[in-house]
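Both complexes below contain chain A, partnered by chain B and then by chain C.
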Partner chain A sequence: MSRPGFVLEVDDRTPPMIVHEGLGFRLESFPLGTRVVYPPESIPAVPDVDEAIQHALLNPLDSEPLPALLRPGMRLTIAFDDLSIPLPTMKAPDIRGRIIEAVLTMAAEAGVDDVKLIAANALHRRMTAAELKHIVGERVFRSFYPQGDLYNFDAEDRDELTHLGTTEKGEDIEISKRAAESDLLVYVNVNLVAMDGGHKSVGIGLASYKSLRHHHNAKTMVHSRSFMDHKHSEMHHSAWRMGRIIKDTVKVFQIETTLNNDVFPSSFSFLQKREWEWSVKDQASMLGVRRGLSVAPPKLKHKMFHDMRSVYGLTGVNAGEVEAVHEKTLEKVHAQHSVEVNGQSDVLVMGVPYLGPYNVNSSMNPILAACMGLGYYFNSYRGQPVVRKGGAVILYHPLDEGFNQLHHPSYVDFYEEVLAESTDPAVVGEKYEQQFAQDPWYIHLYRTSHAYHGVHPFYMWYWIAHALDHVDEVIWVGGNRKAAARMGFRAATTLQDALEMASGTVGTSPSITYLHNPPHLLADVR
Partner chain B sequence: MSSFISGGVSDLKRTARGWRWGRRSLVPRSAEPYLLPAQQTVFPSDWSRKRPAMAVREVVQKAGLEPLFRSQVRTKVEGLDVLDRIEGPVIFAANHASHLDTPLILLSLPDEWRRKTGVAAAADYFFDTWWRAVGSSLFFNTFPIDRRGGSMATTPGEVLADGWSLVIFPEGTRSKDGWMGNFRMGAAFLAHEHGVPVVPVAHRGTFAAMPRGQGWPSPGRRQLTIRFGEPLRPREGESVREFAPRIKHAVATLLDEDRSTWWEARRRAATGATPDPGGPDVAQWRRVWEQSQSPAAEGPARRLRAWGRR
Partner chain C sequence: MILALEMFRSLPRTAVGKAIGTRMPGILSGYAAPLRLVTIDPPKVDRPGWARLRTRLSGICGSDLGALSGQTSLYFSAVVSLPMVLGHEVVAELLEDCEDLPAGTRVVLDPVLTCAARGVEPCENCAVGQTNRCSRITVGHLAPGLQTGFCKDTGGGWGQQLVAHRSQMHAVPEGWSDEQALLMEPLSCAVHTALRAGVKHNDRVLVSGAGAVGLFATLALRQLTPAGEIIVVAKHKHQRELAAEFGATEVVQPDEVLRRVRRSTGAFQLKPEYSPAYLLGGVDVAVDAVGSKQSLETALNATRAGGRVVLSGMPAAADLSAAWFRELEVVGTYASSQHEPGGRGAFELAAELAELDAVVRLSKSVASYPLHRWREALDHAHAAGRLGTVKVAFDPRSSQ
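Now for the complex of A and B:
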């Protein structure tokens, strides 16, 4: 029986708490009365994954069973989420590979010859062969990759895009031509958090810049409250409008999966537990890891964390019509992540871990750290933000990892040139987005190397637009001062210093809430 | 290198303080409703009543526990003569106000009785880890009982059948304010079932010397008093339900006797005027206040000195 998430109130009995900060973590003693939001424990996994997959494919929601949709001579496209989810990467075999195998087994039985597998990476970087192989599994990789039938989506290949029209609000819908012209598009997703899935899968994962710019902008993001709640997210409303038109053009068979919160492997199991329940072994592991990290060179630290593979349990798999499936999916996601929180606080504290969606096998540069803290974690709410309007956010991250030149070349220029001029998401978008989006060198790197698209750092900055609009103060504990200043923030050495600095905004005895994630949580703020 | 060591020491100190090394860990109050049910890991204690363990215990108690105990508190023992008139095994039923109660009772008993007396201790508290189980068995003759009524590897009946006497605290837990609580049926039931007498035991001063939450006796060698009463046996046809209150009354009378004199206590008992051992119905602070006063010592406190002063 897994225990629900809850809100702890720090008292004299509370031991120090783990706060993640990049490639490490610290023990923090919060002021008495601080609220600490703990995610629910892992909910039970399905007993038999293969049986659950078969059941979903044969008993889909608002759709015929998958075998009935397959016939000889048809064009079948299987699209799947890229390596940005789940986080951390799942221990092999990846659930997407297992589902794709089941789908392909049915397709083979039905005599389908024309099959293509497309990684729905939109403007994310192309995955390497090894990364693709990890997701789809060796058998699928061997059967499709050498012939070029398993590939990354290329949002800049004009010949391979098709314009399906515009929504009633004038939003362009331009997606993968192969997907749009298929007789059946099967989408295999991992719904790690509430913002994933639904019409966002095809409508965003297989879309080009021309389509994405309608919802990936500062104005939309400020009105996505939050983007973890699709019914109150402007970004999702736009994706839903597009998805409904896509649905009229191509038959989409959506397969969504949900995972439990078994994020950390056994060697880091103390990070998964509530601190006061740590055994002597957990305390010894924590002390050992802390000592190891204190002497490990950066490369080794990076390897220690990035080699971590999660042993997620599958909590559900649903297939069929996109919206019906997504409703079921969200029930499971909320069961795993949702924690009821009463009221807002003056200060929100969050520890930014080593990993976000855009630095898998890469480095967490300052822009990505900001996106992770002020984008993803800040937006991990339903109802209203955990921090009040005009409050302060305190984040933990050293902001010192630097930029990965292979993966994030445009980030360097964005950081050095654009942020030097303005840190206002609306202003930088207005002035520089087109230039970065159309830069031929960035497009070349995106298409032929493993670089994120030139416009991607702008999206990271739009991601934090809602937080910047909502709070008056952002302070990074342990953060590099120059990096924080470049992004328009301030840095402090300790939590006490940060609270002192924030006192001008929130007073000397503010109410404080700390979001104790990872594992993932979704604060349901009443 | 120095930062590695100083960082390690600082982490170690922080962890030792935060997770209360050497003491029982605490759960934040707001997390109490979300605690996992206690694990039922109970370590066996049969070995502790075998000869090798008894030999080790003799050394531990005589060379370690007793000198330490006497260095921290002063004791006054009365009524041991009752043990001359009976043969074991018996059940010692005592009030319970402190962790000092067990060593006080054990170290007050004559050696031949002490060696073969087991103390019923809460399994969930004293037997949840191996080192706590071994430590409490060796120092304090304990064996586990389940406070919630579950069954254990060793039952108190088996301990009695081995010819060992038992110390039972019928309240089931330490008093929160030093006054006596309700008695459970366990002691009466065992006496009834196994035909052994119950020796009521009353002591005072342990709450004042080391109440709940305190890990060591207060300084100043506080006075403790302990009084053993006449053995009680179930009467012909007397049920457990009727016998249990008699045990409680006997302990209450002993407490009264300890406060006043044997004669006054007897007269009050005869007229049913024995003071309620549960204490007066007054504000909580006054109850605690009264109990936090050690019993009066007879004569000036004798200080332990290696060499007397001229």
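Now for the complex of A and C:
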């Protein structure tokens, strides 16, 4: 029986807490009275994954069973989430691959010949062949990739996009032509956190900049409260409006999966546990890893962390009509991630780990670190933010990994040029977004190399718009001062220094909440 | 007898300077510089149109430092005459009447020793006022020397006295400081650079370098051409501030220039093996205002196909592949002309620039040294960028 998440109040007996900070972690002693929010332990996984998949496909929600939707001569497209989820990458076999195999088996039995597999990477980078193979599995890869029937979505291939119209609010809907013109579009998702899935899958994963710009902008993001609660997220409202029109055009069979919180493999299992429950073995592991990290060169540390594969358990798989499926999915996600938190605090403390959705097999540059802390973790709430309006956020990350020129070329220009001029998401978006979105070099790199689209760093900055609007102070403990300053923040050496620096905003005895993640948690703030 | 800093022929010193002068500039002001402080007879005046002048201020130019460090190409060895007193950026006062100019007049020199100064019939270039292209710089009654300061017969500004021809003299307007007047010569070169750059309406221009040459080129480009965006490559903080003040649209660090040009022009960037990256696309015009291999290659690599690269600094050997492959027009700009495009002389245009507030403010930062402190002066000039100085000069009047 797994235990739910809970809130610990630091007292004299509380041991130092693990706080993630990039390619490493530290043990931090929090002031007495600090609230520490722990994620729930992993909920039980389904006993038989293949059986659960079969059951979902044959007993879908508000839809005919998948075999009934398949017929000879039809055009079938299977789209799937890219490597940005789950985090860390799932140990093979990936759940998406297992589902795709099941769908393909049914399609073959029904005599469907025209099948394409599309990675729904939107403006994310193209995945490499190895990354695609990891997701779909070796057999599917071998059968489809060499013929060009398994590929990354290209949001800049004008010939392969279709404009489906506009929503009642004038939002363009432009998605993959192949997907839009298919007789059946099967979408295979991994719903790692509550913001994933639903109409976001097709409406964003297979959409072009023309569509995305309507909800990926500072104005929409600042009114998305939070991203993890689609009923209160402007971004999701927009995606839902688009999704309902997509649904009228193309038959979508949505397959959503949920995972438990088994994020860390056995060698890092101490990171999964509560500190006072560490066994001697856990303590030895922690000390060994800590010592190793202290002497390891950056490249080795990067390899140690990025080679990590998670042994997630599948907690649910649901298929059928998008919204009906997503409701079921969210129930499971909330069961796994929700922690009840009573009231807001003056200061919110978060450790930013080595990994986010956009630096898989890459580096966590300062913009991505900010997005991870102030975008994803800050927004990991329902109800109201964990920190009060006008409070302070203290983040841990060295901000020193630099930029990956292959994956994030436009990030360098955004950091050096755009942020040097302004850090206001609305201001930079107004002045520079179009330039970056239409830059032919970025478009070329996005289409032919493995670069995120030119506009992507703007989206990262929009992700943090709500946090910037909500809090008065952001301080990075252990962060590179120059990088923090470039982003409009301050850096401190220790938590005590950070609290001292924040005292002008929150006073000398602030209430403090530390979100102890990863593993993932969703603070249900009452 | 006068005091003067004389450059002399010394193979060992030149070789040492060439070998390590750029990496250890201090060596040039210590042991390796082929330069000495001497007491010599003042240069003589024995032809009409010539007059003696007393130096008030004389600047240290990059070409002087290049000559002392052996970095200057031997190409120029045929157009100088050793031993010579350096100094071609000169503010001086007439010691005697010279045609229409009475004794005591403050003048700045156009240092080019043209046909008129040499007492020969005007060559085809001097005849049309393109005096910087004079074809007779080794003949006539003067020893070979492309300019005052590189000719053993005229002396130079790094001495207490020199001689000059009336055609070289431009009277300093009333109310100007010597420092302001000192900037006239480098400003006139910048005027010539800007007008040779062939800038069309709204062209994007890159100026690589923000020393005196680069800053003045930026000013001249902004004031005298219809340039649109001007991107200036500047290493030091004060250079960045001055570049913006002088008309740069954007100021970038040397290590980010290609990236910033690429961004602002929408060019594509390529990275060849074991070589610096270059752009397909880029600025319309690039000005190399440093003269180093790196700076020139930056200019070549950041210019669009069919664009123009202007050599304002004395150029170093560089990879010219881009000039061939991208069909670039590589344009040299040397000194200044008495007849620039538009018909006016470069010094006349430079005088207008020298009256701008930004230039007047800059003139107040000129650092001057007496001749006997030449080692410190050269050290300062070598490190001018780092030390926040744009122009270092000698003031021979303070030398005893």
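A few notes on this one:
Following the convention adopted for this analysis, the second predicted complex is superposed on the first by the 526 of 526 C-alpha atoms of A that agree within 3 Å, B and C clash if a C-alpha of one lies under 4 Å from a C-alpha of the other, contacts with A are read in each partner's own complex, and residues count from 1 in each chain.
Here is the rule we go by: contacts are C-beta pairs under 8 Å (C-beta built on N, C-alpha and C of every residue); 3 or more make two chains touch, one makes a residue touch a chain.
Owing to the predicted nature of the structure, the values given are computational and were not obtained by experimental measurement.
When both complexes are overlaid on chain A, chain B and chain C end up sitting side by side without clashing. Touch criterion met: A:V10 reaches chain B, while chain C stays clear of it. Taking the Cα centre of chain A as vertex, the centres of chain B and chain C in the superposed model span 120°, given to the nearest 10.
Once chain A of one complex is fitted onto chain A of the other, the partner contacts of A:E277 are limited to chain B, with no touch recorded for chain C. Of the two partner chains placed by superposition, A:R142 touches none, neither chain B nor chain C.
With both structures placed on the common chain, the touch criterion links A:L287 to chain B but leaves chain C unconnected. Between chain B and chain C, more residues of chain A are touched by B.
Look at A:R158: by the touch rule set out above, it reaches neither chain B nor chain C.
When both complexes are overlaid on chain A, the residue A:D439 reaches chain C alone and has no touch with chain B. Taken over all C-alpha pairs, chain B and chain C come no nearer than 34 Å in the superposed arrangement. The part of chain A that touches chain C in the complex is made up of residues 412-413, 416-417, 435, 439-441, 444. Taken in their complex, chain A has these residues touching chain B: 3-4, 6-11, 13-16, 27, 29, 274-278, 283, 286-287, 290-291, 294-295.
By the touch rule above, chain C contacts chain A in their complex via residues 256, 259-260, 262-263, 266-269.
On chain B, the positions that touch chain A within their shared complex are 3-4, 7-8, 11-12, 14-15, 18-19, 25-31, 33-34, 36.
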